[in-house]
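Structure below; questions to follow.
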Amino acid sequence: MAETLISVDLSANPHSNANVHNRWHPDIPINVWVAPGDDFKIECYDWTGGQIRNNDDASDVRDVELPQVHYLSGPIGVKGAEPGDLLVVDILDIGAKEEMQWGFNGFFSKKNGGGFLTDYFPEAQKSIWDFEGMFTKSRHVPGVRYAGLIHPGLIGCLPDRKMLDAWNAREKALFDTNPDRVPGLANLPDGGPTAHMGALKGEARDRAAAEGARTVPPREHGGNCDIKDLSRGSKVYFPVYVPGAGLSMGDLHFSQGDGEITFCGAIEMAGWLHIRVSLIKEGMSKYGIRNPIFRPSPIAPKYDDYLIFEGISVDDAGTQYYLDVNVAYRQACLNAIEYLKKFGYSGAQAYAILGTAPVQGHISGVVDVPNACATLWLPTDIFEGDLTPGPDGPKKLVDGSVDVPLAPDL
Amino acid sequence: MAETLISVDLSANPHSNANVHNRWHPDIPINVWVAPGDDFKIECYDWTGGQIRNNDDASDVRDVELPQVHYLSGPIGVKGAEPGDLLVVDILDIGAKEEMQWGFNGFFSKKNGGGFLTDYFPEAQKSIWDFEGMFTKSRHVPGVRYAGLIHPGLIGCLPDRKMLDAWNAREKALFDTNPDRVPGLANLPDGGPTAHMGALKGEARDRAAAEGARTVPPREHGGNCDIKDLSRGSKVYFPVYVPGAGLSMGDLHFSQGDGEITFCGAIEMAGWLHIRVSLIKEGMSKYGIRNPIFRPSPIAPKYDDYLIFEGISVDDAGTQYYLDVNVAYRQACLNAIEYLKKFGYSGAQAYAILGTAPVQGHISGVVDVPNACATLWLPTDIFEGDLTPGPDGPKKLVDGSVDVPLAPDL
Amino acid sequence: MAETLISVDLSANPHSNANVHNRWHPDIPINVWVAPGDDFKIECYDWTGGQIRNNDDASDVRDVELPQVHYLSGPIGVKGAEPGDLLVVDILDIGAKEEMQWGFNGFFSKKNGGGFLTDYFPEAQKSIWDFEGMFTKSRHVPGVRYAGLIHPGLIGCLPDRKMLDAWNAREKALFDTNPDRVPGLANLPDGGPTAHMGALKGEARDRAAAEGARTVPPREHGGNCDIKDLSRGSKVYFPVYVPGAGLSMGDLHFSQGDGEITFCGAIEMAGWLHIRVSLIKEGMSKYGIRNPIFRPSPIAPKYDDYLIFEGISVDDAGTQYYLDVNVAYRQACLNAIEYLKKFGYSGAQAYAILGTAPVQGHISGVVDVPNACATLWLPTDIFEGDLTPGPDGPKKLVDGSVDVPLAPDL
Amino acid sequence: MAETLISVDLSANPHSNANVHNRWHPDIPINVWVAPGDDFKIECYDWTGGQIRNNDDASDVRDVELPQVHYLSGPIGVKGAEPGDLLVVDILDIGAKEEMQWGFNGFFSKKNGGGFLTDYFPEAQKSIWDFEGMFTKSRHVPGVRYAGLIHPGLIGCLPDRKMLDAWNAREKALFDTNPDRVPGLANLPDGGPTAHMGALKGEARDRAAAEGARTVPPREHGGNCDIKDLSRGSKVYFPVYVPGAGLSMGDLHFSQGDGEITFCGAIEMAGWLHIRVSLIKEGMSKYGIRNPIFRPSPIAPKYDDYLIFEGISVDDAGTQYYLDVNVAYRQACLNAIEYLKKFGYSGAQAYAILGTAPVQGHISGVVDVPNACATLWLPTDIFEGDLTPGPDGPKKLVDGSVDVPLAPDL
């Protein structure tokens, strides 16, 4: 029986847990050590540290304090790991905390970060998803049920000083191109009280907090990649930058679509991972590795029938963009939402489905100037009814009696 | 036995074939008519109309006359089709022309359009791929063999006047933002001799040619989507804009990766499609359809093990981009190329593999400011050897004795 | 373009073709030789040599002359092949003859061989299946459509004298336990005019015909295995018994279920194979091979949702059999037929579906005395409608207006 | 959080648990009731009730007391269920007991029941399999690692009196054909102390025990089907024979191959199921159901590459059997074992792999007299090394330093 090396108490403040942190910094102390070949369990808070509750009121999503995110469990030291190695992580299993068999999906207010379709859904909304073993469904989004494709949204090793400096420099350069933008172009380090630097205390904590990178973006080390297929049973190869590697993880998702387009984003949950670690010495140079690589799990939901929506890089106003995959994928998503509305879903429900179901987002064409082409693959088997187009037109799958709760901006 | 409604003679000039055209315009006459429920065959030139030859000299790729592309077979009229309908196309089968059991992949010179990685591969290169039944392999790229995922890169219905005008207006607006750029931001209509307007002759031909949209980009009607999964056995629903629909198709690919990153692009071939057409009357409004949608084939290569490479929207110079999926996908591709080089492949061979093999490109994260995250999924079973990372480092899969022929810019 | 080494003329009598035979004997001359590494095409008659016609009259199935079957194309010699080697066959592609884009399925009269459910369907019936590219459907069995899983029902190398003698001895011993049984327990050699010994003539022909093994059963060399997954794209390793190997093949099927329960059996067709051959010298002893082994194709229909029926080894009369998988599989098939009848199919249509669709038959339990458990996996996606059980009971998928033509015993 | 309705204490004797039983009888009291739509958890002993231990000594397998098996948890009553209904069971999840993260596979002595290959492996052997999240591996069978395809080997509803009588009558009739056979042709009811009749006590218990059917064979109600695909996420439709249905389950397997050929048999474990129940009123007649039917899980290990072994119904002595699938499957299994021995495995290790890995057993041909053809599908991805045949012959995957412990018959 694998030992649980880091526990979290969902009723306690994450800041009270010395094995949790929410910024990236090489000085965060490694308190937990394992040897190559060990397997063990790690518990994790949900990404917000418990700010969202299981009810029908979206005001907690509207008022969420984002500088707190993401609460990660770690860093874990691996004996013998040195900069330049590859840390091999076998994700043996992932599950929800026994006392929290539910998760949440939300759209942030545009004033608080928004999401991929924030211009279309500018206010805070929230759906609650109940877990039933391997499956999930929502009282706010009827007519769909998915098998979980459970994964950590965020996982990676501590940066070294040089990498941290590079991150801060390049993100600040971008931020400075439009410093007044809401939301900001990047989230720069802040020394405030929301920064949780793990076991670091006092002046050392303050110094690190002032320059510790936010956990929001994915970066060279992996980090907040939000890759839905980095799931139970997959095998990941992470670059190592500091002695001991310092692996941290969190932001668990029960299910998510490619792009995590709702931003909050997936079906967010608290839970645990069961992992095994090993090393490939000097693996970065041996294999020319700069970012993590991984192999997918032999176990994942088999949804093999899809309805596929295309989008091109022309926006709703008819403006032509040059090979812009983001615009194309946004149009593909909007096309899927319009389609689902014909079957009785509200726009918000359709958006929530695209954010939480194992939809695929493919970069289908990226060279045929000036239009990029992106495709959104919607698995038809998650619907309790038939989505196929036919001569008789769509039959309603839901009756419109419920919708995703919305909390208006104050 | 299905009738062949449009034949092409690969030894003849495509301009001599009245059932072929290479521009989009509502005035192109529909000469071939079918009824809903009919199935039939259509033959197609390769996209260049035979400009590329089966040899080891890339000068034909370097000197290719791109204003000629793409030679499409059609337009085909469907009796009873009216604007607003959906034209349902069952792709019953696709194959190579008996007399041309090979295809080509190329990188264009940066001066002539380039490709997704043109800054890294700026000169013309060409690889030839032999077909062996359902499989293909190349004397220029040893150690890999794929099952074909055969599809039309380009298929769609004729635009009406209003749509054509919208296309031309928005593309010109983009072009005009940087009219001197090489390659151009868009390919605008030209009235030159390369325009083939089907059966249209004389003044009518010249008038249409002067405003006929180039076939290069994908647009609302589908067109040059280059979606690798729109393959044999898939079912596609196309918007109809003109009476009779006017369906045209071409640019057949034996195999291609998501993004068609080499631009020329897939394994290009001449061949035939066997299709069935039917109609959903007023389907566009019934289903809220703006772009084609489709369902994938029940028959496609099963490559279920992948090595997955991540890329983020920071370029090689360390510049930070804001949620730019293109930059992220380019980095994922470059990461895969560096990896393959460790196994003995040249950069050009690795690039050719990414362009021709059924690699997947996923939009993995698009909300975690400022970094987009894209993933490149490389199927491991196409390699005759083991690509998995291990403690002992990579073992060469190829000996480096051959490379992809290059024709230097003149 | 691969060369066609053996052609068949469907309008000519197979006995006139010296590269066709319908018995196994080491003396059948090898007229066609290839080298290891060669790829080439081979054409084949349907297994009956053209006795069944595309009409709505089953009398040809009732009156079929079974001593003629199966007409095989070959034997093909592979230079350098010696007894003890493994002959590796890559099935690069398979297709129907251009002039015969249809196939047939039949139930034989119980008096003429019957089938797996002959006690339930004792008289001759026939359904015709039209090919539409990769798909097939039947005017006699509405409401279903399958993608082809095309394969040779029969393929293998010539036996040597010792193996032929062993076959004849053991089959005669079985036959002799009940020599008057109709149909016979085995089909023993006969020297009659239906035996086609390839290029062998005169007395040599008569001698070989008198002892040539019938092609009906699968044996050590492979032969009439009727394995639906030995399909386009698979790779097979055959034992070699005679110098040159002497590979023959035929009995092509467009689609078939596990067990080929209708006996005639699959969707039978005339067509061609495109194959490549190579050798593993002394492969039989190196790998401990007695029967062929194979690897499945990377390309096959993806039907991933099934309705699974169980059967146990107790027959309809309530008699208990000891771990008898045949009885169990028969009960599973009968259970599926009863189920399909609730959706409007006739018993004969349901039986034809089980024989022709890519159903799976699994040996699920074979140790829990006294009952074997077998499962019949029916792919739900082949039906144009919903087969799932629900509270409201079955909805008819077909209206019963057509059935499978029957020709009463005379 | 789903409630656990039946708990088991692995350190206590199963006979002390009133919600456990090991015989089928309509009089076994239903103590636990649920309503249609409820989901809940049920804990289960391993099938032997804890007789096998995690060590390297097979004497516990040799000395196992088989009259005790199988310990089932139940019967569970479903309010409103009546004879003729279908009980729908959604298997939401299955897992191992936290305190027993391992399972066992064994071959029984031929004197004590044997297994499918008992003539080749006549003495007791045992392998222990450790669970690592979703995966398992064994110190006794190195070089393989599987993802679990976890399922209940045994599940079904209580028979009514009429069905029980039919079972007993037909099995006794078979038994009586050879009453002295070892092992017996069937296991008839016995009134001895090993019979555990749940909450039934005193005379009522003795009366029921004397006629309660053994749990060994699968029967009309499902029961000991040992179907590997009736796994987490599948949906099963059970016939109901008594008011309240009386659903019982047990004999959990972490992984198993088709046929469960080792008899003991799969990787046996103690654990829990999370299920939901609902009803289709009068479903048996609505759908013509006699045995359970089910739909497979959307989540299951994806092992898509196989090495496929054929077997025909001729035994090692050269005796010809008439269309006997058992003989054919046994030969296919023996062929696979010979093959694996060339890669360094002992025969016992190879046999253990076939019994525990998700191998498929297909009924490939069952009409080509006199030979049945069965195929054994061995997933290649479970091996840490390459199993493909090649010109250079097999490379050892294991060094032969360990084997499966054997306890000689006393």
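Should a chain be cited, it is by its letter among A, B, C and D, assigned in written order, with residues numbered from 1 in that chain.
Note that in this section a contact is a pair of C-beta atoms (placed from the backbone, for glycine too) under 8 Å apart; a residue touches a chain by one contact, two chains touch by 3 or more.
In UniProt terms, the chains line up like this: A, B, C, D = Formamidase.
This is a predicted model, so every value here is computed, not measured.
Using the contact threshold fixed earlier, the set of chains in contact with both subunit A and subunit C is B, D.
Interface comparison, B-D versus A-B: the pair with the greater number of contacting C-beta pairs is A-B. Look at where the CA atoms of subunit B average out and do the same for subunit C: the two points lie 40 Å apart.
Computed centre separation for the pair subunit B/subunit D is 51 angstrom, with centres defined by C-alpha atoms. Centroids built from CA atoms put subunit B at 32 Å from subunit A. Touching of two or more other chains is recorded for residues 302, 305, 381 of subunit B.
Of all residues in subunit D, those touching subunit B in their complex are 302, 304-305, 381, 386. Residue ranges of subunit A in contact with subunit B, taken from their complex: 86, 88, 113, 115-116, 166, 170-171, 173-174, 183-187, 216-220, 222, 224-229, 237, 258-263, 265, 280-281, 283, 286-296, 305-312, 314, 318-326, 329, 331-332, 335, 338-339, 341-342, 360-375, 388-391, 393-394. Within the complex, the subunit A residues that touch subunit D are 1-2, 39, 91-93, 98-99, 101, 132-135, 147, 232-233, 274, 276, 297-303, 381.
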